[in-house]
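Below, chain A partners chain B and then partners chain C, in two separate complexes.
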Partner chain A sequence: MSLASASLDRAGRPDRGLNADALNADARREAHGLFALLSPGLFLVFAVIIVPVGWLFWLSLFDEAGQLSAANYARFFEQASYIKTFVTTFKVAFFVTGACVLFGYPLAYMLSQLPRRAASICLIFVILPFWTSVLVRTYAWLVILQRKGLVNTWLMDLGVIGQPLPLANNFAGVVIGMTHIMLPFLVLPLYASMKAIDVDCLRAGMNLGASPAATFRQIFFPLSLPGLASGLVIVFVLCLGFFVTPALMGGGKVIMWAMRMEQTTSLYSNWGAGAALGVVLLAVTLALLGLFHWLLGTRVTGVWSRR
Partner chain B sequence: MSMENALPISHRQRLWLYALGGLVMLFLIAPSVIIVIMSFSGSSLLEFPPQEWSLRWYESYFGSLEWRDATVVSVKVAVMTAIVATLLGTAAAYAINARTLRLTGLINALLTASLIIPVILIGIGTFFLYARIGLNNTLTGLVIAHTVQALPLVVLTVLSGLRSYDMNQEMVARSLGAGRFSAFFQVTVPQIRFSIVSGALFAFITSFDEVVVSLFISGGETTTLTRRMFNALRDQIDPTIAAISTCLIVLSIVLLSAAQLFGRGR
Partner chain C sequence: MTKRLCIHGLVVAGLLASVAVPASAADTITVASWGGTYQEAEAKAFFDPTAKDLGITIKQDTTNGLDDVRLQVTGNAVKWDITELGADECARGSKEGLFEKLDYNVIDKSGINPKLVHDDWVGISYTSVVLIYRTDVFGDKGPKTWADFWDVQKFPGRRALSGSQATETLSVAALAKGTPIDKVYPVDIDGALQSVDKIKGHIDAWWTSGAQAMQLVKDGEVDMASIWNGRAGTLRKSGAPVSFSFDQGVLTADCMVIPKGSKNKDLAMKALAKFVSPDLQANLPLYVDNGPANEKAFETGKIPPERIKDINSAPENVKKQVLQDPAFWRDTLVEATEKFNNLIQQ
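Showing the complex of A and B:
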């Protein structure tokens, strides 16, 4: 009988038959069964993410003497080193996001215009780095950009420069390395949205006499903006909390938000301060994603399924 | 194929676009290629192209007990994560797909929380929690933490498989007398197995490449490969890491190709 009950239940029809009670009980059992399937996963997420993050939030409300206070948050405005960290983080995020748009838009556009077969071959160039360890890619950039690295050696051999350029262990190195890591996060959603643009719209524009450039500017580009915005938000948000590349390529000079959190907790064991940093980071992240959701009415996370 | 690109713009007019796109593709792929080539260098100077070739960095990787132990830990954790995350994720995806539960929004938000919450916060929070319950520096702790990271990928992959599958087939099997479980395993699973396998592969690679959380919660005998690599890179640029990196790149290629092949079987 479970089959009949399931279909009735699914249709959402109120059941007033003779065996209504039995059917309702069956539907309830079905719902319980489905919830039982969900519960192990939900429990793990709850235990390992929600509980610790909530706990950190609670910790951030107390000062070192154990008194309830806003001291952990107040110091963000008072201490110059914190302000410097925030400025650096946003600066890196802006530069990396900008570079990703600059490099990612033409690539996504090209991919969307290529025939299917060629596009799927070229996509490998985006997906393979995407699935390669962040550590491996950061190491590669260290090797390429360091003082006696590939770029400097080649440029010096060619006589372009006399002295090695400072490319690694500084701001430039962090931006270059992070751009490489973030690029696929922009290209993949952007490519997907460009693929969804109806070619007939473009053809209509051209039939009506628009030049290729005008068609792009007036039809294609505006239609690609939601995809671009989606990729942009993802990249920016990921940059704000990024740890590995700045920690390895910043040379100790580029201190970003996540590094500051690691230092405060691991080095100085100041859990309240580190937790407060985390709470603000999470708040900024959620605010940006929420703003995006509110403005465009689509979720950003959908993009992840392409990974 | 020609229909979808029937715009009256010739390839020649698009040369600049291909050149630009090609350069960006080069930027994306060059680091991996350079590391693979350098890993076969005979010198410790990391010059490119290498003057002499050798396998010494591979010998140094496989010959070192520390690196080998770390690799074994990572493989163990990744295999267990793949198994646990696939089981839990497939079960969750099945329940979500039924669409009869309330609070679907909340359930989705919870399951995908690890994609949105900054991973550094998860790392510190997990360390803090594990310190209280004695799970730091344990395989169990690592598997649990990595499972939570991999879960959303499995759920999304399996869900996309279920969406293109007609659930009525399972209903038919049940109306013909099959039990819930046998209907699922004999009718549904064979048809969504490609998504399940892809999800498992993604879970494996997510765990194997995970750095930030492992940095906090692994150590001592359970130091993961990525944690050891991270610490080694903080000190100096050891060419052994080029050999390890090459192995990781090959692993990514193999797993991605496997996922692709399974996907094509659909």
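Showing the complex of A and C:
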């Protein structure tokens, strides 16, 4: 409302009505009112996000003696393990996101095609684990995947394998455990966007002679992209900061960035050492979001911008 | 008139509050430790008898270690009057000036190893890092020394070591090289790292918590591991097929401190004096496998003789083990840990 009247002013329409001043005053009041409504939220964002993050950034610039220095950042290049941790973090996030798309897309597609009632029941099975503690689910995976766990015992009893498969305490274990936890973050937005696809578009395609496969490829899939993109970004970004599952399922061999933060915070006497890790993760995450926006922004306008 | 009455009322209430609050606060101290069965044992052994003796209330909290203390002290929000830490954390925190000075006129230090008696921290109990193996895999012919653990030809099998406690893993790595137990400290860090380098390809898990070490052994995920003796004892008691001994164990001490800025410093001092007294120290092994830091506890007659042989800090067992030196790690921990991390993540 306020925006509209403002642009109207800027456009400088010649036929200023007699009540233009009153209307403008009204619009300003409304803008102020809206801002007042927003201000508690803005204040909260400022107080609990902007200020602490700024403080974190500030702290990361001081070394153990309290002197201004780049030591906390230089450490990442001096100690090979930091770079290794960084690479591992992205590798895990990449594989988990990939696995989530692989399992999540067909699942969301199936859910979107089911009758409403059946879909609701199936959705419960997606959401139920979502509400269960991450710790509990991770331990459950450990019980299932370890050397003498369910999977290996069954496969050995059936004679499928002679040696237990290395599924826990390694990279594979971390990816399996995290995929399970991340799947709802991909499925839910994807399902929502698939449900929003107008069936008439698909029918029109078919009517014009497109095969079901072509309809899916040319109509359904492109229309589901905004949901897929937002799910993908949520999963990838959440993966970057993951702690519990890699700590328990990685057997100490898969060290992710958040685990490194915990180690560093207790190892060094200055908060800056850990803060620098946080700053790097934040910067990289923002850069990635920017990249996603740039890559996908034009195609998935519904999600990325309102223009 | 009503207004003045109100003000008077407020003043009286304020006075009452200012009298009442410190009085009750002075009778209460808060002690933080590691939680779990260990802290339950400490409550029975130390906290409850002390509270009764001094006529005070001891509230309990749990800690994650030095960073918690650092957060409270540097943030000027100290909520603990006494907290437990690992001895190397005490040594590091002391260097950072995070603790109040202890008054050894109040605290009787006799019977405590002088290496664990410092201006601002004092030893409270011992944990040992021991070698555990599964008897369903090795019978009673399992690896007995760290050299055995490192010998992958003679003792094939899956292995776990601590990845989070670089100090402990470097100590056992030095033992594995054949360093005699009285020569391990000061640790030749580069030599110990080379020793870790030899075994690291055969390590199936680097554990990061006591619970994880226990789970790895219990579920047969590994056949041998380094583990804390309390956890090993729990496994044996639960009937798991395991064997371990104190031979070549690494004795690591826990300590207690009064965080700088504690509001009940004097009372905390009195309570701490009780905690380390031989009488209460002798209670600890009655409830848990962590041995007392005060060796006079063994002279109190409270600990049954048949129990003494299972206690890691009993004089007989101390002889078989390496005593981890907190002062050494105070100055070397950061560098050694970074190098250790670089190595095991390669």
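The definition used in the following text is that the second predicted complex is superposed on the first by the 227 of 307 C-alpha atoms of A that agree within 3 Å, B and C clash if a C-alpha of one lies under 4 Å from a C-alpha of the other, contacts with A are read in each partner's own complex, and residues count from 1 in each chain.
By our rule, a contact is a pair of C-beta atoms (placed from the backbone, for glycine too) under 8 Å apart; a residue touches a chain by one contact, two chains touch by 3 or more.
These numbers come from a predicted model, not from an experiment.
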Larger contact residue set on chain A - chain B or chain C: B
Touching partner for A:I50 - first (chain B), second (chain C), both, neither: first
Which superposed partner A:V160 touches (first chain B, second chain C, both, neither): neither
Which superposed partner A:S81 touches (first chain B, second chain C, both, neither): second
Contacts of A:L135 with chain B and chain C, given as first, second, both or neither: first
Which superposed partner A:Q146 touches (first chain B, second chain C, both, neither): both
Partner chain(s) touched by A:T265 [first = chain B, second = chain C, both, neither]: both
Chain B versus chain C as contact partner of A:I255, first or second or both or neither: second
Contacts on chain A seen with chain B and repeated with chain C across the two complexes: 142-143, 146, 148-149, 247-248, 265-266, 271
Residues of chain C defined as touching chain A within the complex: 64-67, 70, 74, 92, 96, 158, 160, 163-164, 204-208, 212, 215-216, 219-221, 333-334, 337-338, 341-342, 344-346
Chain B residues touching chain A - in the complex, by the definition given at the top: 1-2, 4-9, 13-14, 17-18, 20-21, 24-25, 27-32, 34-35, 38, 45-48, 88-89, 91-92, 94-96, 98-101, 107, 110-122, 124-129, 144-145, 147-148, 151-153, 155-157, 160, 171, 174-175, 180, 202, 205, 208-209, 211-212, 215-216, 226, 229-230, 233-234, 237, 241-242, 245, 248-249, 252-253, 255-256
Chain C contact footprint on chain A (complex, rising order): 79-81, 84-85, 142-143, 146-149, 168-169, 247-248, 251-253, 255, 263, 265-269, 271
Of chain A, residues touching chain B in the complex: 2-3, 6-7, 9-10, 27, 30-31, 33-35, 37-38, 40-42, 44-53, 55-56, 103-104, 106-107, 109-111, 113-117, 122, 125-129, 131-144, 146, 148-150, 153, 180, 183-184, 199, 202-203, 206, 212, 240-241, 243-244, 247-248, 258, 261-262, 265-266, 271, 274-275, 278, 281-282, 285-286, 289, 301, 304-305, 307
